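In what follows, subunit A forms one complex with subunit B and a second complex with subunit C.
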Partner chain A sequence: MRLMRVSAIAKKEGIQIIRDPYSLAMAFLMPVMLLFIFGYAITLDVDNLPTVVYDRDKSSTSRGLVAQFRESRYFTVVAYAEDHADIDRYIDRGRAKVAISIPEDFSKNMATGRDATIQVAVDGSDSNTATIALGYIAAISDLYSQRTCKALAAPAIDPRVRVWYNPELRSRNFIMPGLIAVVMAIIAALLSSLTISREWERGTMEQLISTPVKPHELIIGKLSAYFVIGFVDVLVAALIGIHLFDVPLKGSPLLLMMCSSLFLFGGLSLGIFISAAAKSQLLASQVSLITSYLPALLLSGFMFSISNMPAPLQLISHIVPARYFVAMLKSIYLKGGTLKLLIFETAALAVFGILTFMIANKKFRKRID
Partner chain B sequence: MFERIKRMMIKEFHQIFRDKRMRPVLFLTPILQLIIFGYAITTDVNCVSLAVYDLDRSYESRELARRFEASGYFEVLRHIERAEEVRDLLDRGKVLSVLQIDRGFSSDIKKGSQAAVQVLFDGTDSNTALVAMSYANAIIARYAKGLGAPHMRPPAAKLDVLARAWYNPALRSRDYNVPGVIAIMIMLICLLLTSMAVVREREIGTMEQLMVTPLKPAEMILGKTIPFALIGFFDMFLVTIVGVFWFSIPIQGSLLLLVLCTAIYLLSVLGIGLFISTVSKTQQQAMMGTFLFFAPAILLSGLMFPIENMPAAVQYGTYLNPLRYFLIIIRGIFLKGNGIGILWPQMLALFALGAAVMTISVLRFKKRLG
Partner chain C sequence: MGSGREEKGPHGDIAVDIENLTRTFGDFVAVDHVSLTVKRGEIFGFLGPNGAGKSTTIKMLCGLLMPSGGSGSVGGYDIIRQSEEIKRTIGYMSQRFSLYDDLTVEENIDFFSGIYGVPAERKEKRKERVLEMAELRRRRTDLTRTLPGGIKQRLALGCAILHEPPIIFLDEPTSGVDPVSRRNFWDLIYGMSRAGTTTFVTTHYMDEAEYCDRLGLIYRGRLIALGAPAELKADHMKRDVIEIETDRTIEAMDALHAHNIESAIFGSSLHATVKDGDKAIPFIRGILGDARIEFRGVGKITPSLEDVFVNLIEEA
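Here is the complex of A and B:
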């Protein structure tokens, strides 16, 4: 391996990248856009659920109960229904997610100390929101009964629930660290997956073959050019997350950069492998999005925790490198994870990187002959 | 005219399928992906890993731990012996929750005074933690209610809530998500195919050859897009079958309506693909442009994150997202059995959007040719 030839290839790639400012801009725009979407537009926190109230009692007691729901930030009363069919209409059209129906004898029962019952219907099509909403409803009505009925004895067991690492349960703290993995996966796929198939399609590969450049020198040269862009993206993502979105970084920034480089190396090698194998840009782009972006988004534990998935899928997730990277990121950010704690994940990423690099190298060599 | 369009379509099909590896990519991977992601996108929280730190070692404490396990929501993975293990297990992410029962738990219960238990959660995954917390509270409350002699039992809560979940009474998230995965699968395939295939002609230089043929721009566009629309339809058909038979998602509504709505949806997807192709010079740019649209379109569609939780400005922005409408339609048809009577506003909006995008792209396309 000659360093000079590697750097010549890297320089050529660099010039090609700079000559296409449109693609370069997108390479930097993409992570920023994703960060802003996840930071500002999207929240997994359930609040302001549109609620329709059907109050048949129309008493101060029933209004008090509705007020209790209103005051919590979880429910927003969007309408008062006139009859049962109204409720159906609101939920069917998706204009309300929650319906609260208060029977006529509600205030009478509350006044005479009998059990009062209210009916609640939740749109279950989004089961996650529904489960959380049901939890809130139970908590609010418990609170209401405790307030209105002081005689109520305390429950026999007092559950003291504490949350570690992310005590306010901000979904942003959970999303942002993992997002770096998704951004890396996308960037690696977008940048490197077309790089070799493009040379084939345009016919410039023959020119490269006729030069004394060896296959692995070509791959390393291309890799290092894209590595620089990817690394800048990691920095941008980490800085925006920490400074703009106040995601605490408890662990070491150095460790963060180290494991990001490791993941980036593997991701870029995978892209180059796909590119070398596909030869056509159309095929390469389809394959690389299927193998990098979607698994990183859905199978990495970034948003959907792996332990909730069925067993075969949990097994499959072990071959998704983003899985290890997401686990590392979350640990470094929120738990202050150290290299000692994360040694298994680091090793997994290193193995993935070296393996894909070797396969890419082999695939490419076979192609040239 | 039809003859020319037909020729163009045949050429297009030849080009797509000449590469034998393209076939599995177009027809096999959507099925595999639906199966994998249909399982992956689950927000159902079950089997939350739990470690029990029982300092009381009494009948009552064991019973409480058993209740956690029996609920089906928690899975007891470890029994902790030493206090340091609590932090270690949570730090390493071996368990997501720890149930700690301090000494004196059973004697408090027997005395009739209020006993306390501690439940620790790893809040890293805020959503799972939130749901698991409500499970834990419910399990403890239920256990507390059934405790001891009747005179010690607290009176029943004055306010009973009869809660029901509509459409999806078991609150299975899979029913909700699989139709959504179908929609994004179709979008990804068609978008990428259209945007890149047109640019490819330009990049390789065959666009000039096409321009010297008697093909009119409109014919060229039709000949280019119809094959992708057909592939999109075929994929839709495949993944719907997988959804119905593999995931047993019922189609409550009309199949015919689903076909009609898919056609309207494809109109806007192909329109966007064509638009991207008119603003890109190379396939690399087309791929990036596709992605620049695709990534926010998935995230801001209501597939994984409810739109009503987004800030108002973003909510208005989502009106420009075809996926937003199609998700409501496809979920409505699959899960609620909605008909045209309810879905027409979405269909109309989707059609208007598709027609607008298509017109803009066709105009741009012509300009670039001329």
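Here is the complex of A and C:
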């Protein structure tokens, strides 16, 4: 391997990226945009659910219950209904997601220690939000009944639950680390998948393959240019996560960078392999989206827990490198994971990287046919 | 390089040697049993219309395309088994402009210097020479895409010879370039040839063919003639060419056509191909006189390569 050739290619590639506004935007703007879109929009926490209240009891007890709901940050009372038809209207028009209807005998029942029922309607068209809302409603009602009738039955079991690693259960804390993996997967595959097919399309490859340059020199040269970009993106993502989204990094930044490098190596090699195989930019970008971005988004455990997937999908997820990277990122970010704990994932990423690099190297031919 | 020279052995003065070289794409035979040799230091012109198989042949010689049949060597290296060795020995300029448009002149030169492994101590000197050759000393920081076509071609040639290869392959280097730039480009080729470089160049310009030491004429994948321009004219032009100098070329052509004499317009004159020139001249004078077409002269001329080529294709 001649270092001179590798560095000539890396330098050329770097200049081309910097001069091309589209490449530049894809390299630096897109990751930031993705981080913001995912970071702000995809929050699985349910806050400020618009709620309509139909209080037929109109007693201090019923108002106390409503106040309990209002005080929690989960519900915002948007209106008080005058009758049942009102509730229907609010839910139908989407102005409220939750309706709480308190019957006339609510305070009487509470006072006499009988079962006091309230009716709750939840807009189930968003099942995820509905499920979470129901949980909150049950919890708030329990809390209220415990407060108002302390003398009455205390629960037999009083679990003192402690949530580890993410005590506030902020979904952002677990989305953000995984998000870095998704962003990296896109950058790695999309950027690099165009690099060889572009040269075939523009005709520059014909000149290049008439020179003594070796396939691995060409690939390593191109890899290094995109590696620098990917590395900068990881840094930016980590900084945005820590400073903008308040996601703490418990583990070692060095380990984070090392794992990211390993993942980038594999992702970029995959992109270059696709590029070498496809010879057209359009095909290359589509294939790379399907083979890296979608699996990274859906099968990596970034948002959707792998253990909840059907068995065949769980099996497939084992060959998705993002799966290992997501596990590493979550561990490093939230648990302060160490290399010793992550040795299996590290090995998996290394094997994937070396294998794809070798396949890419084999696939790239210095011939036209 | 020592072992390389030994391998060349008996072919010491042969730069390119191919035997029955064939390439098919499906049912289409792009190159059909082409055999030829090019001596060291020669300018060999590969002539033929578009789609005749010129580029396909040159790509096989440069190790870019695998032949379907036949054999050959370039610089003593086998074109099938030693394509990587060939790539170290040659400079190649493809038909399509293949430098990086979004790099500056200097960046392109530096890039190819790096790729060809030009030693650091010689890099600057060679860069300056290429800049001078392409007349780009003052535009070295310009983006390549902003250069005019003729200058681009010179830069492309310069980049292909940064490593001073003994053999260069130029695929239609002057297509789409203005006549003055074409002439300048050929001056560069002459210069390199005098310095001992073997040049294998394809073209469809007949005037350029006259500049070559030897020519191969390819038509529909088959080599239909091979030799020096003068040899080709002597050997293959069995009919005479009569030149009629007149301002009324089209009327003259119609008049001759009425007497079954076919002719073609060459600028301000007419070329008629006839079996026996000496007999035809008085006959043609008579026809033109009858038709009252003034002419400055009618006479036998040495056929041009274009006449030869048209004649060969009609026979092929």
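Basically, the second predicted complex is superposed on the first by the 350 of 369 C-alpha atoms of A that agree within 3 Å, B and C clash if a C-alpha of one lies under 4 Å from a C-alpha of the other, contacts with A are read in each partner's own complex, and residues count from 1 in each chain.
One rule holds for everything that comes next: a residue touches a chain if its C-beta (ideal position, glycine included) is under 8 Å from a C-beta of that chain, and two chains touch if they have at least 3 such contacts.
In this text the structure is predicted, and so the values were computed from the model without any measurement.
Because the two structures share subunit A, they can be overlaid on it, and in that overlay subunit B and subunit C fit beside each other without clashing. When the shared chain is aligned, subunit B comes close enough to touch A:Y22, but subunit C does not.
Contacts of A:I118 after superposition on the shared chain: subunit B is touched, whereas subunit C is not.
Applying the stated contact rule after C-alpha superposition, one finds that A:S305 touches subunit B and leaves subunit C untouched. Touch criterion met: A:S7 reaches subunit C, while subunit B stays clear of it.
Taking subunit A as the reference chain, the count of touched residues is higher for B when subunit B and subunit C are set side by side. Looking at the shared chain after the overlay, A:S145 reaches subunit B, while subunit C stays out of its contact range.
Of the two partner chains placed by superposition, only subunit C is touched by A:S210; subunit B is not. Closest C-alpha contact of subunit B with subunit C, superposed model: 12 Å.
On subunit A, the surface patch touched by subunit B in one complex and by subunit C in the other comprises residues 20, 202. Contact residues of subunit C toward subunit A in the complex are 59, 62-66, 83-84, 87-88, 90, 92-94, 96-103, 107, 110-117, 160. Those residues of subunit A that touch subunit B in the shared complex are 20, 22-23, 26-27, 29-30, 33-34, 37-38, 40-50, 65, 91-94, 97, 110, 113, 115-132, 134-135, 137-139, 141-142, 144-145, 148-149, 151-167, 169-171, 173-174, 186, 190, 194, 198, 201-202, 278, 280-283, 285-287, 289-290, 293-294, 298-299, 303-305, 307-310, 313, 316, 327, 330-331, 334-335, 337, 341. Subunit B meets subunit A in the complex at residues 19, 21-22, 25-26, 29, 33, 36-37, 39-49, 90-93, 96, 109, 114-131, 133-134, 136-138, 140-141, 143-145, 147-148, 152-169, 171-173, 175-176, 188-189, 192-193, 196-197, 200, 203-204, 280-285, 287-289, 291-292, 295-296, 299-300, 304-306, 308-311, 314, 328, 331, 335-336, 338, 342.
Interface residues of subunit A facing subunit C in the complex, by the touch rule stated above, are 2, 4-5, 7-9, 11-12, 15-16, 19-20, 202-204, 206-213, 366-369.
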